[in-house]
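Below are two complexes that have chain A in common, paired first with chain B and then with chain C.
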Partner chain A sequence: MEEKLLVVENLTTSFHLQNGWFSAIEDLSFTLSSNETLALVGESGCGKSVTAYSIMNLLPKPGSRIDRGSVLFHGKDLVGLPEAEMRSLRGSKLAMIFQEPMTSLNPALTVGQQIAEVLYYHNGTSKKEALKGALELLDQVKIPAAATRLNDYPHHLSGGMRQRVMIAMALAGRPEIMLADEPTTALDVTIQAQVLALLDDLKRELKMSMIFITHDMGVVARVADRVAVMYGGYLAEVAPVENLFANPVHPYTEALLKSVPRLDRDINDLNPIPGLVPSIDRMPKGCRFAERCEHKIDVCEQQMPDLTSISDAGNHSVRCWVRGAQATSNGESQA
Partner chain B sequence: MLKYVLKRLAMAIPILIAVLTLVFVIIRIVPGDPAMVVLGDQASAEALAALRTKMGLDVPLIQQYFTFLFGAFRGDLGASLLSGRPVLSEVMTVLPYTIDLTIAGVVIGIVFGVPLGVLTAVYRNSVTDYIIRVFSLFGLSFPAFYSAILLILIFSIQFNLFPVISDPDLSNYGERMNHLVLPAVNLGLIMVAYITRSTRSSMLEVLREDYVRTAKAKGVPRFVVITRHALKNALIPIVTVIGLYLGVLIGNSVLTEIVFNRPGLGKLILDALSERDYTLLQGVMVIYAFIIVIVNLITDLTYGFVDPRVKHQ
Partner chain C sequence: MSLFPKAGGLRRTIRDTIRVFNRNKTSWAGLVLLLFMVSLAVLAPWISPYDPIDQNILERLSPASAEHLLGTDHFGRDILSRILWGARISLSVGTISVLMGMAVGTVLGILAGYKGKYWDYMIMGVMDVFMAIPTLLMGLMVVAVLGPNLVNLTIAIALTVAPRFARIARAPTISIKNRDFVEAGRAMGFSDLRIMAGHIFPNILGELIVMGSLWIATAVRIEASLSFIGLGVKPPTPTWGGMIREGFQNILSDPWISIYPGIFILITVLAFNMLGDGLRDAIDPKLRNS
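Up next is the complex of A and B:
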């Protein structure tokens, strides 16, 4: 059996709102293998980012907590790990890049200083050596004239360049897992493509695993090996990327794919999903997608279905009363 | 940088002209004849006229204005009516005392205010936060003259640690410092309170920024996240506040100097007022305006050091 680098089991994270604690992600279980890219997909507010912050132990405190579950990294549970130990993993073995390159870099420190810092604190290199390392990293993320950029401040750089700096910073600790939280959402389309290509190259080159958070199905098709579709804090469907696009089973996945505009189809075929993701303090009792679902039956509004495997290979799972049962009874399998 | 400083100093000239004009007008509006003030209301008409000629008050107002203006730019602010000495040298004799006091007050304010502000922000809504906030509110609402009297009662009279009257010989360094402690603490308390409060709010804002989250995600030690990443950015508004409150501080230094009977600009103003020494009064006001202009310039220059986005061009 291939080695699982990261095993997330029954992870439940809650946030404190005015009228109590509410779970933002619930009973989340998935795995990540070496060299694999897992895409976490879903609408805003479905818990994608909370998942990443829970893994990194970067949840805003006070105001949020992990209620249950475990995050096993090389078999070691990151939940409840002492802060000092967690800190030595953050930025080295586990790195994260964020959505907003404009605000995620410190305006008062030079690009070089911000990258060198990672080397200085994690590898114990001298400040001078660390700056040299920063220069190499800037080269690696293909920033032109890297030597002159080293002393630039973030406000001298464009959005795409800043995101490259963020990536260089994340790479500095030679991470095994890179968590990318919508890294291209804030960028222009042409720059998006460049940054995606860069991430893809680096991932291969450095043999990293990646958790790629996005709501963009086009990006998913490009970068992901496997896809986990999230809705209302639950996993709705997990499948290899080809299976998911060829044969979406969960009504939400289906709807999500139908809502992507495509050049080869009439604009009138575009089917937006009616309604919004309910906020975490107003979640329905049963299946959280039920009120927006075209296929719902009585049981959907009563009880949450389990995530069940529907393929012989065991790599396609879905959480749906209607489709899950159909798929299993038909003996449908995803090759 | 040098070009920027020169440009800013050149820009100060119209401000100073405006201040000089204002001072000139106000002094003329105030009822009363300066000559009569000096000589008393029993003086003979001849004596008054002679004095007016000597003071330059017999020429047309517009001529007086330009004499005053050009004099001021040559550094000649006239002579004190009372002592007859040049106003500028009167000011220069006491200026070191006020500068000592103000700088000491600001230093105390920064040294205690910034760390306390950071503590309250990092441990917001904790017991530490509440205690420090109550004390800083105390510091803000305490009148300077009252806290000065309390300090004297406790540390000078009860414990006999520091002199009651602060009138040091400036050439004796030890004495200079010893006399400075209580007035500086009195002035510093207010500054600590101001700086603590503004540091707290500025830090609270910065701690929510994305780049602080980035720093945490990099695995940088917490202390470094708070100082290098958060505080460095939080300092920008704090510098503004310090610059603004320096004006308040100079105002409070007047009260402090009076209570401690300490020589300085504050006491000079008080004396000029009570003796109706118009020329001295207008001279000191001009000097104050000049100091405020310089302080603002220093504040603006400091931005360049704390915020790389500010370029002095």
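Up next is the complex of A and C:
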């Protein structure tokens, strides 16, 4: 079995609301291998970003906490790691890029300064060498005329360029894992495609692993090796990307795939999922998707199903009373 | 965003600042007056006609004449020379005390704004106490405790200025710390110190500079006031405030002894205020974009 770079086990993170602590992600377990891209998918409010912030230990404090579980990076638990040690991992071994390239760069510093800062902060290079390194990084993220861009301020750059700069900053520490929190959501579709291609190239070139957070199934199909579908803070289904698209088992996954708009269909044929993700202080007792589910049976509203493996290869698991049982009894495994 | 005119980056801000500064004739007048004052102070040893502490009893209390352009005081010292030498003290005390107060106040303000919670309560609580004490009274207390001399005078003024800068620095820090680029900095593994000094400070520098220029005017005035009531620089070192006080003994018969240094204080304060107003307009994004 290949080495697991990151092992998340039973991770539970809670937030404090007026009337107590409520979990935003619960009992989350997944793994990430070297050179693998895992997509975390789900609609707004399902806990994707909280997962990333929990891994990076960047949750806003006070007001949130990790209740249980562990995040093993190279076998070392990041939960409860002293802040100083965590800080030396952030930006070097673990890097993160954000959704909003327009505001994620400091408006008062040049692009070069900002990239160079990461270099001399984590690698201890001299400022002069760091600037040279920044130039190489700008080249690496394919920014044209990188040498002149070095002295530009963020407002001189377009959204796509800024996201490239953010990626360059994230790459500066030679990360083993890149967490990308909806990195293309704020960009035009054409720019999206370029940035995705860039991330894909870089991942291969630098042998990084990536956790890619998105709600866009089209993006998932493009970048992911494996997909983890989240709903209401729980994992609903985990599968290799081909399996998931060919054979979505969880009703939520199915609904997500159906709701993707397609050019070859009329706009009226869009299939939105009725209802909203319940907020974290109003989670139902049983399966959290039950009230929006077309296939629910009595037990769904009573008890949360377990995440059970449904394929022989053990790489496709699902958390559903109806579909999970069906899939296992039919011996339906396409893996 | 409107709070942060620096959004365009430092270099562009400077360029835009100069552009708007150019639009305002008063700010140029302030700058010219100020440069004139500074050059007088710098050149004092060469351009002052007499030694500022040289007494000449025979020519005491003489009005303006060809030998003594602004007359002499009750010790027969040349008033013009004393004003020129006094400019060095007044301007340097004003500038240095504000720079000191600005440094201390900015550090505390950013710390309070960034760390929040008890840091904020503690620091701003102390600052509020300091601010509750009238400027002159604060100067009085410090000088009374430490003794009247140039260094203590500077410290006293710095202490009254620091809380103002703490407030100016704290408010934008609170809103900047919630911006995405600070979060991104944290995700890059930067320490709090680096985020405060390297990422928040450059974004509030413009506002601090403007406040600084306005407060130097006040500091020059405070120095004059403290010297006037005898808590400033010890005689015979000439300072503007001290000269006004010394002239008071003969205010009815020979008022010019007090009036001339008063005019210089007036011009300097005016120059700093005009400059500060111009700078404030220049970094105000609403005016800058118009």
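Everything that follows uses one rule, which is that the second predicted complex is superposed on the first by the 329 of 335 C-alpha atoms of A that agree within 3 Å, B and C clash if a C-alpha of one lies under 4 Å from a C-alpha of the other, contacts with A are read in each partner's own complex, and residues count from 1 in each chain.
Keep this in mind: contacts are C-beta pairs under 8 Å (C-beta built on N, C-alpha and C of every residue); 3 or more make two chains touch, one makes a residue touch a chain.
Bear in mind the structure is a predicted one, so any value in this text is a computation, not a measurement.
In this superposed model built on chain A, chain B and chain C take up the same space, so to speak, and clash.
Contacts of A:Leu105 after superposition: both chain B and chain C are touched.
When the two complexes are overlaid on their common chain A, residue A:His155 makes contact with chain B and with chain C alike. By the document's definition of touching, both partners, chain B and chain C, reach A:Ser92. In the superposed model, A:Val141 lies in contact with neither chain B nor chain C. By the touch criterion defined above, A:Val118 reaches both chain B and chain C.
Overlaying the two complexes on chain A leaves one chain C stretch of 24-32, 42-50 or 60-68 clashing with chain B, which is 24-32. Comparing the two complexes, residues 56, 58, 87-92, 95-96, 98, 100, 103-110, 117-118, 121-122, 153, 155, 166, 169, 173 of chain A contact chain B in one case and chain C in the other. Note for the complex: chain A touches chain B at residues 56, 58, 83, 87-92, 95-96, 98, 100, 103-110, 117-118, 121-122, 153, 155, 166, 169, 173.
For chain B in complex with chain A, the touching residues are 209-211, 213-222, 224, 228-229, 232-233, 306-309. Against chain A, in their complex, chain C makes its touches with residues 4, 6-12, 179-181, 183-191, 194, 198-199, 202-203, 205. Across the complex, chain A meets chain C through its residues 56, 58, 87-92, 95-96, 98, 100, 103-110, 117-118, 121-122, 153-155, 166, 169-170, 173.
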